[in-house]
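As written, the chain order gives the labels A, B, C and D, with residue 1 at the start of each chain.
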Amino acid sequence: MSAPDTRGYFGDFGGRYVPEVLIAALDELERAMMAAFADPAFWAEYHEVLRDFVGRPSPIYRCERYAADVSSVPLVMKREDTNHTGAHKINNTVGQALLARRMGKRRLLAETGAGQHGVATATVGAKLGLPVDVYMGVRDIERQALNVDVMRLLGAQVHAVASGTQTLKDATNEAFRVWAQRVEDTFYVIGSVVGAHPYPFMVREFQKVIGIEARRQTLERYGRLPSDVIACVGGGSNAMGIFSGFVDDRDVKFWGVEAGGKGVDGDEHAASLRAGSIGVLHGSRSYLLQSAEGQVRETHSISAGLDYPGVGPEHAFFKESGRATYVDITDAQAVEAFHAFARCEGILPALESAHAIGFARELAAQRGADDLILVNLSGRGDKDIGRC
Amino acid sequence: MLEDAFERARGEKRMAFIPYVMAGDPDLETTEAILLALSDAGADVIELGVPYSDPLADGPTIAAAGQRALRSATHLREVLALASRCRERCPPIVLFTYYNPVYQFGVERFAREAAAAGVAGAIVPDVALDESAELRAALQAQGLTMPLLVAPSTPHPRAARIVDAATGFVYVVSRLGVTGTGNAPDFAPLRRQLASLRELTDKPLAVGFGLSSPQDVRNLGMLADGVVVGSALIDAYAGARAQEAATRVRQFVAPLIAACFLVSP
Amino acid sequence: MSAPDTRGYFGDFGGRYVPEVLIAALDELERAMMAAFADPAFWAEYHEVLRDFVGRPSPIYRCERYAADVSSVPLVMKREDTNHTGAHKINNTVGQALLARRMGKRRLLAETGAGQHGVATATVGAKLGLPVDVYMGVRDIERQALNVDVMRLLGAQVHAVASGTQTLKDATNEAFRVWAQRVEDTFYVIGSVVGAHPYPFMVREFQKVIGIEARRQTLERYGRLPSDVIACVGGGSNAMGIFSGFVDDRDVKFWGVEAGGKGVDGDEHAASLRAGSIGVLHGSRSYLLQSAEGQVRETHSISAGLDYPGVGPEHAFFKESGRATYVDITDAQAVEAFHAFARCEGILPALESAHAIGFARELAAQRGADDLILVNLSGRGDKDIGRC
Amino acid sequence: MLEDAFERARGEKRMAFIPYVMAGDPDLETTEAILLALSDAGADVIELGVPYSDPLADGPTIAAAGQRALRSATHLREVLALASRCRERCPPIVLFTYYNPVYQFGVERFAREAAAAGVAGAIVPDVALDESAELRAALQAQGLTMPLLVAPSTPHPRAARIVDAATGFVYVVSRLGVTGTGNAPDFAPLRRQLASLRELTDKPLAVGFGLSSPQDVRNLGMLADGVVVGSALIDAYAGARAQEAATRVRQFVAPLIAACFLVSP
């Protein structure tokens, strides 16, 4: 387990850029997290909930048709889409909610963009009997009305955030603000490997189950490790989750696929690592999309879950160290992959995951039967029907 | 400069009055008029907000002011120029800026140009003690102060380290949460905290977040050395421009400044 | 394995009431099915697809809060909602599609009501590269537009059926008609334990995996068998699937929950076993809702998947023999259970499954800590948002 | 009765003409007029359809006719009454009914009342050989016939058992699929099948499903003993009532009946 340094830095990235009012809460969280991580009973409970409630392990599935015309490489999907609530997000909310209960917190708080993390938090909150408040931009509430309904059915309060871009970025600001007010009894469940230390580390540890399972499954089934692991990168949690299972396997190449939107040469994309620069957002230093003056830019992606100007600090570290390579797939390519994959494999991928799948086909053309490409199919695409 | 301002107020048996203004809201001309009005009215120190896209320590009022200011293309460079223009006619100016604009500007360059603009220091709400060393050193090298914040949630041992590291003054956050007038502080614990901070340091203690009325000021019971009023002030001039804004500001701050005196020790 | 007799009868129920033109195809199917069932390689392939593609085994999950106020009985859900495509239906379509491929059939044909079976068939067809035609009533196409989109994204042709009630019953008639025309190269994938022999038997065998897994899981986790097994009954496949895992455990009580609609005393319900009479529909003799003259009645249920006037013949046999007890839950009760379950457990059940869940709470009040109630949570409720 | 009808046609060197009519479409009065018209025109046997909610062997035309008939509340009881009313004025009537209405009526009772109504037999398209024993026995006990269907997909050994069991005549389905005029049969294989059935039995062979024109009839090449025309006939009178419908029927069947003669062996 490669942890960040004591101040929460992965190399130059990470840290804790938050108002003083939150520092004590982050310290308390860090202490509780370390205690929980060292407690086998905590992990036992986490794994039991993942098994019985989430339905883990998620399978790995070898595609039969999607890239068969361009390559003989085994193309294997890690099926996070089969999780309860339909994406990897729930691995993390289970972990954080169990930690919240262990810490005696009374309520959960979450930001959400596409609504997937909001749904995953509302879900776990309902199960554990913890009230949940979700902050969501007004524009996202309009774009993702179905997930709003789901959260409400699960008993969560969904609060509309009308400030700034009215999307995930500002919902996150608002969640921080609300947390600052309620920091004593409220646990802030962050949805990706972003935020102030210890969030990027903690969320990674809760998503690592993806990589650990996938490594074991790949070895069991194919008797070897993948040559390449591919995942889409929004905040970066599903990517970090699968990468971290293979981080010590130095020959396994990591590919993070960002949202190229209408092209990374223009302004309408969300490719923080590919086309951004270093800065501080939502509590940590990493890459982000910003103006020359340090104002955070509005982003664009057809996939709401990737439509975020920042990225987790450990990805910035992986980029700098060369451990992972970051590429992008445009809206149009993602939509094409979505359709092709649905028709060839009978699986509707989330538009986020369709970015990884689109790139996988490109990479497959350069790989052969001795290689093995593992793709994190981070979620199901039901939420995206009618949007492409 | 800052020390002098607090000294003078203390000499006059009152708390220093520290208004917060968002630069460029809705334009720089208006801000300039407000700064002069505050100066005339007797403000001791001015916090000058640098607009930022993601002000996560701010409530709706200041966040909205920042949005308006961004629409008038006010960024750090423009704020420094404004400060420079007003330096002769104003009490000490402390910038209130989030870290990212500073980081993009360049930390060293920021300290240098801020000093050149005659600014007294910078409050950076998302840089707490732990991340403050580099910026603090850069500012100090230019003779600038970096007040740090202490929150109600800050444990005592940490508060001791913060007041130690803070320069210029210690910014005492009056209550949990962000800036804004929505909920007033709970004064009993606030007074207890001020008393306990007082035992740790002689540096000026300025209280901010959520103070909006003369009564709030009086409720501090002279335990603080300064009073920051931001959102309430912005509410007072919001919608107005230039001299009209200045007039409203003058009317609004008069009773607050009076309240700074009124309290008996 | 309790098979029907050679003519496809479970006691007095079942048989083969279809036009002569289909008899040879049913004979061919029966032979191919028996050969496949006797071939370990077939089952190995079936189980591999269930594991890698569907995500089986589905977990069992013990509710913590839903009925805790009325009973200390362990209330355990078999989580078919975590399957790929969100319901038990896919177990069956995987089996039938593999059989179709084995038989050298070139196309798949399916009827659908709510669209779940259509989606499950389209899914498996896409995966195996077999074109799929789905027949669906005009009214259902309107009511279940989302599933129509999904089927089309998966490459299936959805055909609107404008005859009769324009719902599942007539879509089934139409599928039979189309099959009669294309019987040589087309495999008709029926979606429940209904239809002419060997369908009720075959579909049961493909759904039996639910019961086999659940029995093993219950024993492993609780060291005992359930006292009661509950499932909703539309055509009856999810119920037969879970029941058949326990059929030889004579102490395990079976409860089939039909759609009580607006009340079984009136006309607006779909409770064939509770309130119907014996007759012949869609190829087999069973209970059905019909007029005195033998015209099949229009039915009503808030849950599209239960809105069917017939029921599988083996259920009729279980009713007559007393092996299972059939009860009903009204629309209003199902909606209440849907909401309560979502808020207490963080799981949105399909409205179909909500019938089973609603009854489970009633039964729980009569059971204690020594008992164990197992409920088949046949599908997820995402499709039902906005309908209740 | 049925045997006589086929015998007479054979004697006249023609195929028997067997029109299909849906009872009660759109009302019983119309059906009665049509039956008499068919009788006048020279139909040898009449298939009288019993409306059913779920006619899965029928294409759109007959299915829609059944829906219309159900709207006029025509069920098995009404159809039997109609048959009884027309018995003296009509050629032999064979009911064409799905099984469920019969099952609800009661199999024994059905046979009894059908016999009492003077009906010659019943074709039940969803009761193939395998399920036919009980119904066949009941009908036979009342002296009624039960023609069975042979389809293009029926394997030869099974066809042998079917023709053995069938009474009255053997209903040879001309092509895969359901009733309806959409796609005409492929006559070459149909003729081969007729020839091969002919080797199995002396029972009359009547061909149906999808025959609509005199040319279709001629294409059978006298290899059959009878020709069933249903959907095309219904199309011909659809929308009309009573005498108007009867007139259209008369016009439509005349060339078909002529075609039954025209074919040279």
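The rule we apply is simple: a contact is a pair of C-beta atoms (placed from the backbone, for glycine too) under 8 Å apart; a residue touches a chain by one contact, two chains touch by 3 or more.
Bear in mind the structure is a predicted one, so any value in this text is a computation, not a measurement.
Participant: Out of curiosity, which chains are bumping into both subunit B and subunit C?
Facilitator: The common neighbours are A.
Participant: From subunit A, which chain is the farthest off, judged by mean CA positions?
Facilitator: Chain D.
Participant: What is the distance, in whole Å, between the centres of subunit C and subunit D, each centre taken as the mean of its C-alpha atoms?
Facilitator: Taking the mean C-alpha position of each chain, the two centres sit 37 Å apart.
Participant: How many Å are there between the centre of subunit B and the centre of subunit D, using C-alpha atoms for each centre?
Facilitator: Between these chains, centre-to-centre, one finds 97 Å.
Participant: Which integer distance in Å separates the CA centroid of subunit A from that of subunit D?
Facilitator: Centre-to-centre distance between subunit A and subunit D: 67 Å.
Participant: Check each residue of subunit B and list the ones that touch at least two other chains.
Facilitator: In subunit B, no residue touches two or more other chains.
Participant: Residues touching two or more other chains, restricted to subunit C: which are they?
Facilitator: None at all.
Participant: Between the chains shown, work out who touches whom and classify the graph as line, ring, star, complete or other.
Facilitator: line
Participant: Can you name the residues of subunit A that touch subunit B in the complex?
Facilitator: The touching residues are 7, 15-25, 163-164, 169-170, 172-173, 176-177, 180-184, 277-283, 290, 292-296.
Participant: Using the touch definition from the top, list the residues of subunit B that touch subunit A in their complex.
Facilitator: Contact set of subunit B toward subunit A: 52-60, 63-64, 67, 70, 75-77, 99-105, 125-131, 148-155, 158, 162, 173, 176-178.
Participant: Taking the touch rule as given, give the residues of subunit A at its contact with subunit C in the complex, in rising order.
Facilitator: Per the stated touch rule, the residues are 51-55, 58-62, 64-65, 79, 81-84, 122-127, 129, 146, 149-150, 153-155, 339, 342-348, 382, 385-386.
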